[in-house]
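Labels run A, B and C following the written order; every chain starts at residue 1.
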Amino acid sequence: MNAAVAEVQANNGPLVQIRGLSKVYTRGKQKLEVLHHIDLDIARGDFFALMGPSGSGKTTLLNLIGGLDSPAQGSLTVGGKRIDTMGEGDLARWRAANVGFVFQFYNLMPGLTAQKNVELPLLLTRLSSAKRRQNAAIALQLVGLSDRASHKPSELSGGQQQRVAIARAIVSDPSLLVCDEPTGDLDRQSAEDVLGLLQRLNREHGKTIVMVTHDPKAAEYASHTLHLDKGTLVEHATVA
Amino acid sequence: MKYFHLVWSALMRRKTRTLFTMFSVLAAFLLFGMLDSVRTSFADAGHSVSGAHQLITMSKLGLGNQLPLSLQSRLEAVPGLTAVARVSWFGGIYQDPKNFFPNEAVSANYFAVQDAVVLPPDQLKAFQSTRDGAVVGATLAKRFGWKVGQQIPLEATIWPQKDGSNTWTFKLVGIFHARDASEKSIEGVMFFRWKYFDEARQFAQGSVGWYQTRVANPEHADQVATAIDALSKNSDHETKTVTANAFTASFISQLANIGLIVGAIMAAVFFTLILLTGNTMAQAVRERIPELAVLKTIGFSNRSVLLLVLAEAVLLVVIGGVAGMLLAAGVVGGLKAALGSQLPMAPVGGSIWGEALILMILIGVVVGVLPALRGMRLKIVDALAGR
Amino acid sequence: MNKFLLGLLLVVVLIVCLVVWSLLPWYGAVAAAVLLALWLALTATGRRTLSVTGVGLATLRSRWGASSVIVIGIAGVVGVLVAMLAMGEGLQATLQGTGSADTAIVIRAGSQVESNSVLMHSDAVLIGQQPGVARDATGHPIASPEVLLAVSLPKNNGQDANLSVRGVGEEAWAVRPNVKIIAGRKFTPGTLELDVGKGVMAQFKGMAIGSDLQLGSQKWKIVGEFDSGDAFNSEIWADASTIGPVFHRGSSLSSVTVRLTSPSAFTVFKAALATNPQLKVDAETTHQYFADQAGGINKLIRWLGTTIAIIMAIGAIFGALNSMYAAVATRAREIATLRAVGFQGTPVVASVLLETMLLALAGGVLGAFVAWAVFGHFTASTSAGGGFSFTQMIFQFRVTPALLWTGIKWALAIGFIGGLFPAVRAARLPVTTALREL
């Protein structure tokens, strides 16, 4: 099988392919199985919501898909690459090129301006500083915050900070966005702005999005919703 | 370099803490710059270029015990020596014992041996042709406002004149400068004619304090010294011959073990500094764990995170340290300008800066390494969850 | 503007406190400590301070890293300060402890120090006959003619150093009753025997009773060790008549030391010497002579030690400020709660200050203890003695109680400066924002 064929296959199959995935945490002598034998495909261009009560394992699953954690068993293929077998260094390089992250508490660098925060992932590329500045400006424009480029996070509202975080997540043009409760700390209006933005990124820019949320209203923006309970998939609903 | 703003913003996250820590670093390196300047000045004194060319032949019993004049002609016959001069310590006092400066009786050919000084040819001639002539260094002349041509009275402490009088008067015929800035201390010395001194003193005529000789080739200095000492072996005037550099070094080592004192103080200072700066870095990394986790999430490698924290620690120490060294250079320069060239402090130059920079980087790495490892080893998932 | 005035006021208070503190004798400090204890125990505010401080100290364990910065930082300053001062004190004590008011030393006029001086045997006889000189039971004047020589010998570290060799007669022991043989015996006059001072014995190579010492062309035997507790411990003593010729000094002398009938007889003695046309000599009591030699050296060492300690103290103050600001920040919530339930500013300020001073005290005690343990019996040597021979002066560091107290005073002053500003910050913390923090 030559490389071109593999490329085509990878592009045609699901972006995320999960088979028999389990995750066990050891707390002292206790073994806690947070994920139990998960099988799941996430298609390219999907907007996927993961719901479930706290402790159901949804964040763990998200972390695994984003390459922040390694499974105990099973396989995890993203964009045609087995990431469950990668070492720490390879995984870091893979994340830099393929995944954007959005967190509940934004997690921006408090000492850096919005512009510099967005530029952060580009430091890991070979781009020139002029090109880095330009790309970051485009990303900020996309989230509608060009006029806030030189502000520090403390000078921005929660919704604005989250939009800067989204700009940071998309600046290196990853195919997958991983969002952990992106609206959990926001008021209704800001939450709707952020969700609208994610939807637009999904529809107009073809980003595949996996989002953990406990808010059914947020889940409505997704094209699929998946419920987790005690580490197993409960239902696989499709919203029209 | 593209990461510089990341490191800088980390330092500026808590401006007061960073500033206070830098002041501590500044104080430590101010002290280092000043103390190392003192240490260097003493260490350099035994490593001069002119000192390597000169041999000092003194009584084996120790300085202060006299040698016979008859040794002169025998020394002149030693191969490898180009000039042989006689010196006697006079120890005279000008007006007040507090005005101490070295003054020595030297033979007319002394400046053929002692090439650390530059004396204009006409003044050298005057020195050689004036019976009671004396030459002084520029620093000394400036200190007492002496002009060429004037009479300088000294009170003898060891050597009275034949009539029992302690007052000796010399005619100033020349003012010399140091050939090299590193030997500026010689500008505080007075030399006058040995012949006049020997003829006029009350007792011990024909005795010489020490012989100062010039070797053709400094690399053969040890062999020549051995040959000189062989001349008087088993006589009742045995000699000990060393290079002028070794002589100076021995003199300083008898004064105090300056290297040890400076070393002990700096060890205490840097030990405290490492603890203090290390604590700052530990605090800084502890409160930034979530931020470091985000960097790793974005795809920064373990090594990048390690280097970022190390760079932060090194930058913290280097900024404070460079400020301290600049201040030290200023203080040393000011003290030298105010108190004169006799002050045992070397200018804060290349070698002291070099040592300081190495120390700064070393201390930076030492205080940064544990927090950096902590940052590197953090588990993203745990750190993001606040565990 | 208000903030600026407060800052100015703080600095003024600080300077006044430091000046008063530096002038305060130890009993003043004890009185201050007693007053503080009474205030803590008896007044309502004091008792509140005590309880707030207790809460603070209870959390010390969790902040041990930052707290140890204060303790070790201050210990470093105090250790270096005490060690440097102990060096100067030791050197001064050795020289000032040498000599007495009822003995006088006579040297050739203008020679300044013994090693420069040359006297003839006839001079010595004449000096002994002057009024004011005490006489022994047989009616002989108690006067010791001596020759002081310098010899270069290897020290324990292998480097050659100059050493004083004193040629003496029987009278030398009589004019200095404090010089005692502690091992072996006195040399026998007319023989090649030596007695060695305690300091020389310890610092120079190959010194032991019974061993040989090559001086010039002759081999000498060490037969005894003496201890005078002063500058003579840095000398070797031999018979003047046998050692003089080895150094080509013949029978010439350096000095004559005489016992006076009383300290007040010195004036008569000195005047008689000055008016005698046969003598050109200077005389001083031996106490004065050695005190003059100490000269400015202790002052110089004190100045150096204090300068170094001040620079170190500045570094330590910033370290303490950092730690205490951090402590106040982590305790912001707890302090705000105390303020919210009605505690006033004073107990909060006092408790932060008290905590810092306690840590500083621990640092001062630690530093002083280390200096005492390391340098309490430390022996060092330097070139001294004046003249050209620059012979070695061997002395012991002296870590006196006064020096230890100086160290503790410095520690508390550093703690005060490092604690005052964070304490005021704690008291001025707006209650509402502090409660919202975290």
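The rule we apply is simple: contacts are C-beta pairs under 8 Å (C-beta built on N, C-alpha and C of every residue); 3 or more make two chains touch, one makes a residue touch a chain.
All of these numbers come straight from a predicted model, not from anything done at the bench.
Taken as a contact graph, the chains are arranged in an open line, each linked only to its neighbours along the path. Think of the whole protein's Cα atoms as having one middle point; the chain whose own Cα middle lies nearest to it is B. If each chain is reduced to the centroid of its CA atoms, chain B and chain C end up 26 Å from each other. We define each chain's centre as the mean of its Cα atoms; on that basis chain A and chain B are separated by 64 Å. Centre to centre, using the average C-alpha position, chain A and chain C are separated by 70 Å. Multi-chain contact residues of chain B, defined as those touching 2 or more other chains: none present.
For chain A, no residue reaches two or more other chains under the stated contact definition.
Considering their complex, residues 65-66, 68-69, 72-73, 75-77, 79-80, 83, 108-113, 115-116, 118, 149-152, 159-163, 215-217, 246-248, 280, 308, 311-312, 314-316, 318-319, 321-323, 325-326, 380, 382-383, 387-390, 392 of chain C touch chain B.
By the touch criterion given at the top, residues 16-17, 20-21, 23-28, 30-31, 35, 60-66, 89, 91, 93, 97, 155-158, 160, 164, 166, 203, 234, 236-238, 240, 250-251, 253-256, 264-265, 268-269, 271-273, 275-276, 279-280, 282-283 of chain B touch chain C in their complex. On the side of chain A, the complex with chain B involves touching residues 59, 63, 66, 68-69, 88-89, 92-97, 101, 103, 107, 109-112, 116, 120-121, 123-124, 129, 168.
Partner chain A is touched in their complex by these residues of chain B: 2-3, 5-6, 9-10, 12-13, 290-291, 294-302, 380-381, 384-385.
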